[in-house]
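In what follows, structures are represented as structure tokens.
Shared between the two complexes below is chain A, which pairs with chain B and chain C, respectively.
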Partner chain A sequence: MKKNIKVWLVAGVAFLLFILSLAQLGLSRERLSAAYDRGMVIVDSMIPPSVSNPSNVATAALESLHVAVLGTLFGVVFSLILAVFAARNLTPHFTVSVAVKSFAAFVRAVPALIWAILFIIAVGLGPTPGILALAVNSIGMLVKVYAEAIEEIDIGIVEAMKSTGASPMQLVFQGVLPTMMSALVSWSIFRFDINIRYAAILGIVGAGGIGWELVRASRMAAYSEVMGITLVIFFMILVVENVTRLLKKRLDLASMETVRS
Partner chain B sequence: MVVKTGQTDAIRSNREKTLGKVDQLLERHSNRSKRMNRERGLVGVIVLALVVWSWVMTEFKLSFLWSGLGNIANFFVNDLLPPDFSVLPRYLQPVIDTLVMSYLGMVMAVILSLVAGVLAASNTSPHKFVAFIFRSIVSFLRAIPALVWGLVLVSAFGLGSLAGTIAIGISGVGILGKAFADIIEEIDEGQVEGVKATGASWLQVLGRAVWPQFMAGFVAWSLYKMDLNIREAAVLGLIGAGGIGVALNSSIKLFQYQEAATGILIIFAMIIAVEYITSRVRKSIL
Partner chain C sequence: MAEKVLEIKNLTKKFPDGTVALNDISVSFEKGDLIAVIGPSGAGKSTFLRSINRLQEPTFGEILIEGKDILKTKGSSLRKLRRKVGMVFQGYNLIKRSSVLQNVLHGRLGYSSSIKGSLGMFSQQERKRALEVLIRMGLEEQTLKRADECSGGQQQRVGIARAMMQDPVILLADEPIASLDPASSARVMNYIKIMSQEQGITAIVNLHQVDYAKSFATRIIGIRAGEIMYDGPPHLLSEHIIKDLYQDQYAEEARAQ
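This part shows the complex of A and B:
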């Protein structure tokens, strides 16, 4: 009964917020109908989609792919190092763990595009700020999930290795890495899927890739070109997702067979 | 003596049988690990090739990592800090706009996704073909980032938060439509059959059999979308689609980095606050 009242209360507040928000947005009939007319004109000029300079667009799309690959690579490498210090069972001191985890939380909460803008100011235009922005943004998420994966490993393995006198390096490479391998692989692939989406739009602020072509076309009001480039982005993401899924399946298949034998 | 030889023979043949089995197992194991190593090697080579290709094409140098991190640290300390809090009043309206965009975007996405989800789920869709069409539409919407929608919608609606709201709403259907359809497909068919057997209409089946099983997932995903929306709403302003990104962008363009630092901190605070509120709401409803 009490739960019911709570649900209705939440629903009431949600509805009130909805009304207030609508008022804030300042919708009016004229504005909507004007937007509708303009929208129809734009949709009309979008069809058929076209790409006036295919080789430029293809190069830009590949640059997005490259930015995503390198951003993920550096994100994974740095996250692995930081995760060892962030995981409660491996960290040299718990304050180090707290510090690394809060750093990751801050980095994660700032959106990738804002990182891109900051890096553009710091290192200039081009793919480099895009790579660095994606790497930093990936670190925010990967440190957290890697550290959780490390915290879940069997502490017995770590203790046994320590008692044989293994160095910290040996501990990481022979005890921790093999046990967290499957979590490592699946999270890294997941992050790559996210990064390719970001890489597609980083160009909007000037950090390399196909986003720049999109902004250029929309500034020139070349809507059929906008639609064409949007479709290229769509196919790029589709292809990348399917390829990563295929690779992941092959890896899973291989490791599943070892479990069975 | 005779008995003993018989025993030895039995033991010997047993031993040979066991050895044969072990050999077989060993061979199977080595075949599998060979296959596994081959698969891993193949994937490794592909990944390595991708990395090398990307490295060469973007003309990336390892030194960029150090100089880049050095530059950004330098930029943080010298230009960004300390944040200029005197601009807080100017950021008030953009903050409200951002929250409004995220919230209305969520409501719009939820309403559209309910329709799309029911029509895309194979067990509630009126026809297989309808389900296929709606699944495809939802995947298309999901594959195009919200910022791209924003860019197109700004041309139609002009600069401002209306374009951003609709962009968030449309791209939200890509995520929520798929989530809702997947949840509906996983519900217990027994209850649906039971209600259908009483001669209930399609809408009655949805309300009586589908909704009670669907509600928990519905609430959780909708609130999760709200968490995501606040991030998207914060950056949509970079292309002029309203919200705090507009103010942030103009501060950066005018080289007022200390003002921009305040903006970034506000975005950070908004994301944390919204995540806290949605988790409270989730707990009180579920």
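This part shows the complex of A and C:
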């Protein structure tokens, strides 16, 4: 009985919030139906999709790919370095670990598009701010997951390396990296999948790549062009996703092999 | 009198929670001895061993390795001293995904430059040495296998090979045979004994099997509640002393039953 009242209360509040939001946004029935009509017109003009300047679009798509690859690469390298300091079992001091982890959490909280805008202000338009934005955005996530992977490493391995007289750098390269390699690779691939999606839209704010072509076409109301470019983005992501999936499958097979033996 | 390789003075370890694991231990070790450290669970055997190469930080005392106090070193001088002390673990602690050869070469990390060692670049001489040690340990077939593809006994021998590559003066082994079957155990203990005798290495081995201690060691140290209760040759370790040493454990087991 009591539970029932609670459910009704929550539902009532939710409904109230819904009505309030509608009123706030000024959504009226007329506007909604008008949007529908306008939408239908646009969809009509999108068909058939076209690409008026294929070489331009291809170059832009390739640029997006470059942005994603380089952004991921820089992200991976810097995340690894930071993760060594963030992981509780390797950090020189726990305050360093807390500091690096908080930094990553902050970076993570800021969306990629905002990083892109910030870097455009700093270095100007083009693919460079896109690469930097993706690198920084990747760091936010990768430092966390890499550090967690390092923290899962058996402390015995660290002790064994230390007892040979190995330096901290040797410990990381010869002991920690080989041990966390499969986690490292699969997280990095996962991140690349995310980055290729971002790279496709970063151009919207002027950070290079195919997104810019999309904005250009829509500003000129060239809706068939918009559709064409959207399809190119779609195929680009599809191809990348399948390549990374294949790669992952290979790796999983490789690690299954080792479990079996 | 033989040369003192390791001298421990007033070694004390008190954990933050108040547990006194080692209580003012003073003892010295001579070149080429194989010392078995025995005692009930929780006596402080691991703490004792791990203090020697400072995997654990003692609260107080001196640990002189060939005259040099390891507790007063840090950074690269600590690493230089550590390479003189090889260590073998109950859980082997090999890099599972790396090859047996690579694991053995890790014993040379303390001697190589940071960059070269990080990249796994070892000299032709060191590789040759590693192969020789592997052959010596009966592991030539395993050289290129991944470490985790080897049996437990083989992995432990890889662990010994890694330690031997350090050209150690001291070899520490914390329960090296606790996870092995009797045949592998005897083999591993044999290799430790051979290395100790041939190369004049002082081996200190924590064991919980008294019979292994008696048949392999040249000297036995019995620890109870953080203090040395027995220190002498194996043949003088009487049933009476053993019973005394393990009395708490017997009492506990009796209570449990």
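The rule is short, and it goes like this: the second predicted complex is superposed on the first by the 248 of 261 C-alpha atoms of A that agree within 3 Å, B and C clash if a C-alpha of one lies under 4 Å from a C-alpha of the other, contacts with A are read in each partner's own complex, and residues count from 1 in each chain.
Methods note: contacts are C-beta pairs under 8 Å (C-beta built on N, C-alpha and C of every residue); 3 or more make two chains touch, one makes a residue touch a chain.
None of the values given here were measured: they were computed from a predicted structure.
Of the two partner chains placed by the overlay, only chain B lies in contact with A:69; chain C stays clear of it.
Contact with chain C, but none with chain B, is seen for A:179 once the two complexes are overlaid on the shared chain. By the document's definition of touching, of the two partners only chain C reaches A:170; chain B does not.
Which of chain B and chain C touches more residues of chain A is settled by the count: it is B.
After overlaying the two complexes on the shared chain, residue contacts for A:82 are found with neither chain B nor chain C. In the superposition on chain A, A:199 makes contact with neither chain B nor chain C. Of the two partner chains, chain C is the only one that A:161 touches; chain B does not reach it. Under the contact criterion defined above, the residues of chain A that touch both chain B in one complex and chain C in the other are 258, 261.
If you check the complex, the residues on chain B that touch chain A are 25, 28-29, 32-33, 35-36, 39-40, 42-43, 46-47, 50-51, 53-55, 57-58, 60, 64-65, 67-69, 71-72, 74-75, 79-80, 96-97, 99-100, 103-104, 107, 140, 143-145, 147-148, 151-152, 154-158, 161-162, 165, 231, 234-235, 238-239, 248, 252, 257, 264, 267-268, 271-272, 281, 284-285. Taken in their complex, chain A has these residues touching chain B: 6-7, 10, 17-18, 21-22, 24-25, 27, 31, 35, 38-39, 42, 62-63, 65-67, 69-70, 73-74, 106, 109-111, 113-114, 117-119, 121-123, 127-129, 131-132, 197-198, 200-201, 204-205, 208, 211, 214-215, 218, 221, 223, 226, 230, 233-234, 237-238, 247, 250-251, 253-255, 257-258, 261. Chain C meets chain A in the complex at residues 53, 55, 76, 79-83, 85-87, 89, 91, 93-98, 102, 106-112, 114-115, 117-120, 146, 148-149, 159, 162, 166, 172. On the side of chain A, the complex with chain C involves touching residues 154, 156-157, 159-167, 169-170, 172-175, 178-179, 181, 258, 261.
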